[in-house]
C-alpha cells in the first residue's frame, strides 16, 4: 500500500533471513516513495534487489507519463549499483549484476527495466547467466591473522566493540564465545541497529555513547580496542574531543570498504570478522572465568500513565526468550536497555539510518522471514504513522506479529533535542488525538488499548494466530 | 507525520496559491520519504523550496548518524537545482538561489544546510541577498508574435490544445476568451493534472487520448494545432503511429525549456503563453458565435454498489460551483469527465506524475491555500493509503475539506492494465478489508459510510467546519 | 590530433559564427580528453553539440573495450544536457534534443550513440523531427521594459557594465550606441572572454577588477549600475568586502538563468539584453556629447628582450583594424589593454573559464569561421603546449592565421600568484628550453623567431596565405 | 605542460612502482584535461590520488573564475571516490580517505580542496589520521581454496587465462611457475594492458581474441578455464556467439568487485589471485615437463619503408632483456607479438582503456619509476600527438627513455576499421606532414630519423643518458 512500507518489510525480511530480497517498484514516483526506507536498508546492509518498471524504450526520452527519467540516477547515492540495460538482450545479465552487486557490497541495488523488454525472447547466452555464481573471499591472510593475534595477546587491557554486522552475519554466539574466552569487556558500537551481544551479560558494558568525547571517555584505560563489524564510529550528537584516549590503539575489522576508508582514526582491516574471531579463539588460551548474567533493575513507574520501563518489563516477563523485537521508539531507548534481557542472536532490530517508518513494516517482514520465532514490534506513536499501511499487509496475510504502540502524544526525540538546544517549545512536537486501535481496525488488525500494567501483562500472555495491536499510553521520556 | 504527505500538501498549497512554498525536511531518510511526492511536484511545476537539515560539517564525511551523504545528489534528477553551501557565510545566498531556481524553472529545488551553520553570524553582505529580486522576461518578440498571429489567421481549420500551465498561471478565463473569440475547437492536453478549460463548454472537445496514434486521429482535419502551456505530448499508453496527421502543423508555446527541447515534433516557441493569447485576442477579429454550455448525460447506475458516475453527479449537484476538486482515482477517470461540469479556474487537481499519495494530502494543502473556496478530495481506496497521515493534519488544524473515498476493493488501474495485456488475474489487485471511517477517526477526522445515493447527497449537503471523510462503496470501473 | 584541440577549435568557430557546432568524439577516453576545453565553452556559452560513439548496446554493460560507461554522467556537470537514446528509434529525436538544448541554454550538450544504432532504419516519424524548430521568446514584457526605462531615466549617475554576451550576440555596436546616447561611463565585466565595447572609447572605464572590494570601489558614486549580458560578477581573486557601494542599485539583464539565480546581489531580469538596449535608445532622449577615441600610451620597453607592450603596439600598428585576436597570455593582460585599440565587434577572444589550451586551437577555429577577417593568436609559451596539435590542423587545411608566441620562459601567472601569497619560489614555474619554431615546423607550420621590434614589425607586415608562427622572446610581466 | 600528460606519467609511474601516486591538478579545466588519461588509469587499476584546487569556499557557489562547480561530480563515473571536505577541519581525514579508497579499489580517487582551507590550523585529531592504516584481507577461505584445488585437480584439460592484474601485482613469475607446475596452456586475457606471461613460453597460447565467438573457439576443448586477475572478458569487436564452448566451466578469481559482478558468465571468486596460485602450487603435484622457449619467426620486410616487424626485431635484438616497453601503436599489434620475446615481469604497458595519449607520457613515468631498468616507448605517429608535451618533461628532468616513433602517415586503426565496415575511404585518416624530430627538438629532446634497418639498429645500440627520440618510417599495417 506504499513502497516505503514495502521496502521496510523487505529490509526486515532480509535481516531475518540473511538473504537478498527482490522488491519490484513502480517507476519514478513509486521508486521515490521507497527512498526513505531505503536509507535504513543502506545502513542495515540489506542486499535488497530493487527492480522498477520503465516506460517503453521509445517513450523514455519523451518523458511520457510514468517514464522514469534518468532512472539510473534517481536512487543514487543510496544504492551500491543502479542500471538500466541498454537493450532487451542485456536484461538477464543486468539482473544478475544487480543481485551480485547487492550481495558483494551488502547494499541495495536498483535495476530499471523498460516495459517492452519483457516481450523479447531470451537468447542462448541467457542460460550462462542463470548458472553464474559470485562469491567473496574476504578472509585475512595468515600473516594478517597472526599479526592480529599477537597484538591482542600483547595487550594489557583489551576491549571489544561489536557492530551490527556481527549479529547480521550470524556471529552473535561466536562473539560471546570470544569475549568469554579472553574475558573481554564488550561494548556495542554506537547507534546500533542490531544487538550483537547479550545485554545482561556480565562482560557487557553497554552501547557506546554516540559522541566523540564520550566514546573516548568510555574507552579510557584500554590499550587496545578491537572493533568487529562496525564503522568507527557512527556518531550522532556532536560532542567534540579526541577520537581516542591517549595511548589507545584501535583495530577495526569490517567487510565494509567505505566504512574502513572514511574512518577518522584507527587501523582498518577490510575482511570478514568471522575468521578473525575463530583465529583468536583458536590461537589464544582461554582465561577461565565465571560469567553470570546480570538481573534487571526494578522498573520505574509512571504517574498518569505507564512508564515505558513497565511496558518493557512486562514484555521481558511475558514473551518467549527467543522473541525478536523490532523497535522504533527513540525516546525510550534508555528504558529499553534497562529492562530487556536479550540473549539470542537476531533479537533486536532498529532503523539503521534512524529513518522513521521502518519499525512497523519491518516487524511484518521479520515475522514473515522467521515463522519459528515470535515477533514483537515496539513502536512510538509518532513513528507508527510513517509505515502505517503495513498493518494492512499484516492483516491480509495474517502475519503473526504483535505491535505494541507506545502512545505518549509527543514527538519525544525532537522535543528532547530542542531542550538540549535551549529551545524547549519547538512547535509541532505535540501529536495528540491519535487512536491506533481505530486505525488498526480500519486496516483489519485486531487492537486494544490497555489500561494498566496488569491489563498489559494479561494481553501479552495471550497468543493470537494473526497480527494484533496493543496501544499503551505511556509517560514521555527522553532517550538518555 | 510523513514527508511524502508534507510534500503533497505543499504541492497542493503551491498550486492553489501560485507561489513558492518552503518545505523543511529531515536529512537523508526524511528527504528520501519526500521523493515520491516530489515527482508529482516536478510535473505540476510547483516551485517548492525544500530545505533539509544536515549533520555538523565535520561529521558529514564520517557518515555520522543522520548525515545526508552526498546531499546534493540525493534529490536528482528530480529537482531543478540542489545545493549545500560550501561554508556558513554562503547560506543566505544559497537559500536565495534555491528560491530563484525554483521560481525561474517552476520546479522544486533543494538545499541542505549543515547544522552548525545556523550558529554563524550573518555578515554585512547578507542584506544584499535579502533585497534581491529575480524575474523572467519570457515574452515573445513583436516579430515572433506577428508571425504567430499571421499563422493562425491563415489557418483554415485551427485547433487549440491547452495544458495544465494555462490553469496554473491564471489563464483559464483568457483561454476561454481566446477559444470563443476565434471559435476554436479546444482540447486538453493528455494526462492532465489541471483543467484549463470548462469541460462542458461547447468548444470543448475533451482530453486528448494519451497515445500517439489516437492523438493523431483526434487532430485529423486541422491544418494548425496551437498548443499552449503543455508538453507535446505527455503520452501514457504506447500506441505507435504518426505523431501528427498528414498536413497538420503544430506550434507549441511553453515556458518549459525541457518540454520544448525534447518534443518529437512541432515548432516550439519557448515563452509565456499569456502574451500570445493577448496578441491573438487583440490582433485578430472576433468570430461572433453563441456558446451554450452542454449538459451532462444521465449517470450510469451500479448494481451492488453505487456507480462512480452517481457519486460524481451527486457532487456536481450538491457542491458549490467554485469547489476545487483534488482527484486521485484513476479508474473512474471516464466517469468523472462525463458527470462533472467545472467552469472555474483552479477546479481540478490530479497527481501530475501519476504518483499515488498526492490526492489526500494535496486536498489538505489546497484547502489551506484557498480558504475562500470549498475543497473536495475524491480519492480511490488504494490511493488513500499512500498519504493517509495527512488526515491527522486535517484534523489537527481543523482544515475544512471533504474527503470522498471511493471504495471498490480493487486496485482498478492495474487490474484494467492487466486485462489489456491479456493477464486478467494479476495477483495483488484485490484490496479488501479497508475501513476508512475507522482509520479516519483514528486520526481524528469524523467519518461516515454512506449507504446509497440519497444518503450520499444528504451527507454532501451538510457543511461541517472542519474535515470530514465520506466512504462510498462503488462498483469497479475502468479508466476508459 | 587531440579532442581538447578539437573542442577548442569548435569553440572558436562557434564564437566566430554565432552558431551551434557539431563535434564528434571518441567514447570514454576521447570524450574525457575534451573536458578541459569544454569548461571554456561552458562560460563562452558556445552551443557545441558533442556526439560520441558508444559500443554496441549489448556490450556496454559488460564494459567492453571502448564502452562509454555511464556515458550520460561523464560530461556532467559541464553540459546543459546529456543523453543516450534508449533505443535506435529514438536517435533522431535525441539528436534534435541535443541541438535544441544547446541552443536554448547556449551551452554544450552531449549525445552518446551506440554503434549498432547507426544500422537501424529510420521510421516515418523521423521526418517530423527534421522539420522541428525551437525558438526562444526572451523579450521583457512592456511593463518590465517601461520600468527599466524609468529607472534609468531617474538615475542621477548611472553606469553601464557589459559582459561577453553583448559581443557574442552581435550587440557590440548597439551597446556603443546606447552608451553614447545616454553618455554612460562603461565598464567591461570582470574576467572577460570577449570585448563588448571599444577599449579606447572615451566612455570606456576599463575592465572591472575581479575582486569584491575593488569592484565596489570602482562603482562608487553610481546610484544605478546596469549590467547587460554578464554574471554579477565573475570574481577571481578573493578580496572580501561589500558587494556594492552603499546606495548603489544594480540591475542585471541576462539570458543566463543560472547566472541570475546564483548572483549574490542585485535585481535580475532574465531576458535578452537586445530589446532592453533598443527600448532605452528609443524611449530616452539622447544627450548630445562628443566622443573622441583615446590614444594609447607609449609602450614600455624591455631590457633583455621585448616588453610585451612593444609586441602589442606592433600588432596594433601593423594589423588590419578588423583583425580578430585570440589571446591566451595571462601575464600580459595589463600590457594588452594599454596597447590595443579594438573598435570592431568580435575582436577579442580569451579562454572563458581560464582553461589553458583554448588560444591556439580557437585561433584556428575563429579563422575557419571568419574567412573575411584576419586572425591573430597571441599565445604564451606555457599556454601554447596545451593545444599544440592544432598547429597540424592549421597546416593541413592551410588556415590563414598568425600565431604570435610570447616566450618568456616562465609560468608567469602562477609565479605572480606565488609572489602575492608570499611564496616567491614556487617550483615548476620555469619552463626553459622550448623552441616553438621547431615544434611548429614539425607540424608543418612555417615559423620564425624575431629578434627585435623592427624585425617583428617587418614580419607582421607580410601576409602569408596559410598559417605562420612568430616566436618573440619577451620579458616576464605580471597580469596587473 | 598538460594535465593529460601528467596523468599519463602518473599512471606509468604507479604501474612501474605498484604504489599510489599523488597528482595535483588545477580545478575545473585542469581536472577536465586529465579525464581522457584517467580512463586508462581506471582500467590499469592505478591508485592515483588526484587532488584539485578549488576557489575559496564563499566563492564556489558564485561560480567565481576557476571555481570547480560540483567538483565531486566532475570526475564521475571514472573515479572510485570523489569528495570535497565540508570544512577545513575535515581536510586531513578526507585526504586519507582519498588515499584509502584508491588503494582499496585500485582505482583513482579525487579530492577537491578549497583554497582557504590551507590556511586553517590542524586540530589535535589530525595526528590520529596520520597514523591510520587500511589494509585488505582478500584471501579466500580454506574451504574456498580446497574447492578450487579439487576442481582443478578433477579437470581433464584445464587452461589458464591471465589478466593484467597478474603482472601488476607482482605475480608474473608465480604465474609461470603455476603454468609449468600443472602444464597448463596459458592465454593472456583479451585487450591486455600488461603482459602477465612470457610471450615466447612454450605454454603461451597467445592473447585471446577480443570477440565473443572467437574466444569460445579458442577455448574449445577445455573443460575448465581458470581466469586470474582479469575481467571475463574485455571484448572489443562485436562478434556474437556463445560466451563459452559447450561443456566448459569458467572460474574467475579477481579482486575487482565490479568485474566479477558484471561478467556475463562463469563463477566468480572475488579475492586476490595470489593465494589461489600458491594453494594450487602447494596442494597439487607437479607434472614434470620440459619448457623450452620458442624462437621468433623471421620478420616481414617492407618495400618503401621498414615493416614494423623489422623495427621490433631490431628492438628485441638490441635492447636489454629487462627493458620495459610502453606501447601505443594499435595497428602494429600483430607484428609486435610476432617479434618480441618478453620474459620479465613489468615488460609491457599499453593504454588500458585504449585511450590515446598514454604511451609517450607513460614511458616517461615508467622510466622515472624504475631507474634500474631501460625504458622504450613505441609510439605511433597519430598517438604521439595526444601526449606530446611529455617530451618537455623528459628533457627537463633528463629522463632516460627512448621514444621510437613509427611514422606511417595514417590513422591506421581507424582506416582498418573502416575497411572492415566496407567504408575504405574514411576521411581524416591521412596524417601527413608530421616531423617528430623537429617537434622533439623544440621540446629539448634529441632526435633522429633513421633511414633503414642497419641505421635503426646502430642507433638503438647507443645508450644516451637522457631522453632521445627515434623516428622510423614504416609501412602501414593492420592490427590483425
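For clarity, chains are labelled A, B, C and D in written order, and residue numbers in each chain start from 1.
Quick note on the criterion: a residue touches a chain if its C-beta (ideal position, glycine included) is under 8 Å from a C-beta of that chain, and two chains touch if they have at least 3 such contacts.
A quick note: this is a predicted structure, and the numbers were derived from the prediction, not measured.
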Chain hops separating subunit D from subunit A, counting only touching neighbours: 1
More contacts between chains, C-D or B-C: C-D
Chain located farthest away, centre of subunit C as origin (C-alpha): A
Chain centre separation (subunit B, subunit D; CA means) in Å: 54
Approximate Å spacing (C-alpha centroids) for the pair subunit B, subunit C: 42
Computed distance of Cα centres, subunit D from subunit C, in Å: 37
Residues of subunit B touching at least two other chains: 58, 61-62, 70, 73, 93, 97, 262-264
Residues of subunit A that touch subunit C when the two form their complex: 57-58, 60-62, 70, 72-73, 83-87, 89-90, 93-94, 97, 114
Complex interface listing, subunit D residues touching subunit C: 1-4, 28-40, 55-56, 58-59, 61-66, 69-70, 73-74, 76-78, 115-116, 190-191, 210, 231, 234-236, 238, 240, 258-259, 262-264, 351, 353-357, 382, 385-386, 388-389, 392, 395-396, 431-444
Sites on subunit A touched by subunit D in the complex: 81, 93, 97, 100-101, 104-105, 124-125, 128-129, 131-142, 144, 242-244, 257, 260-272, 275
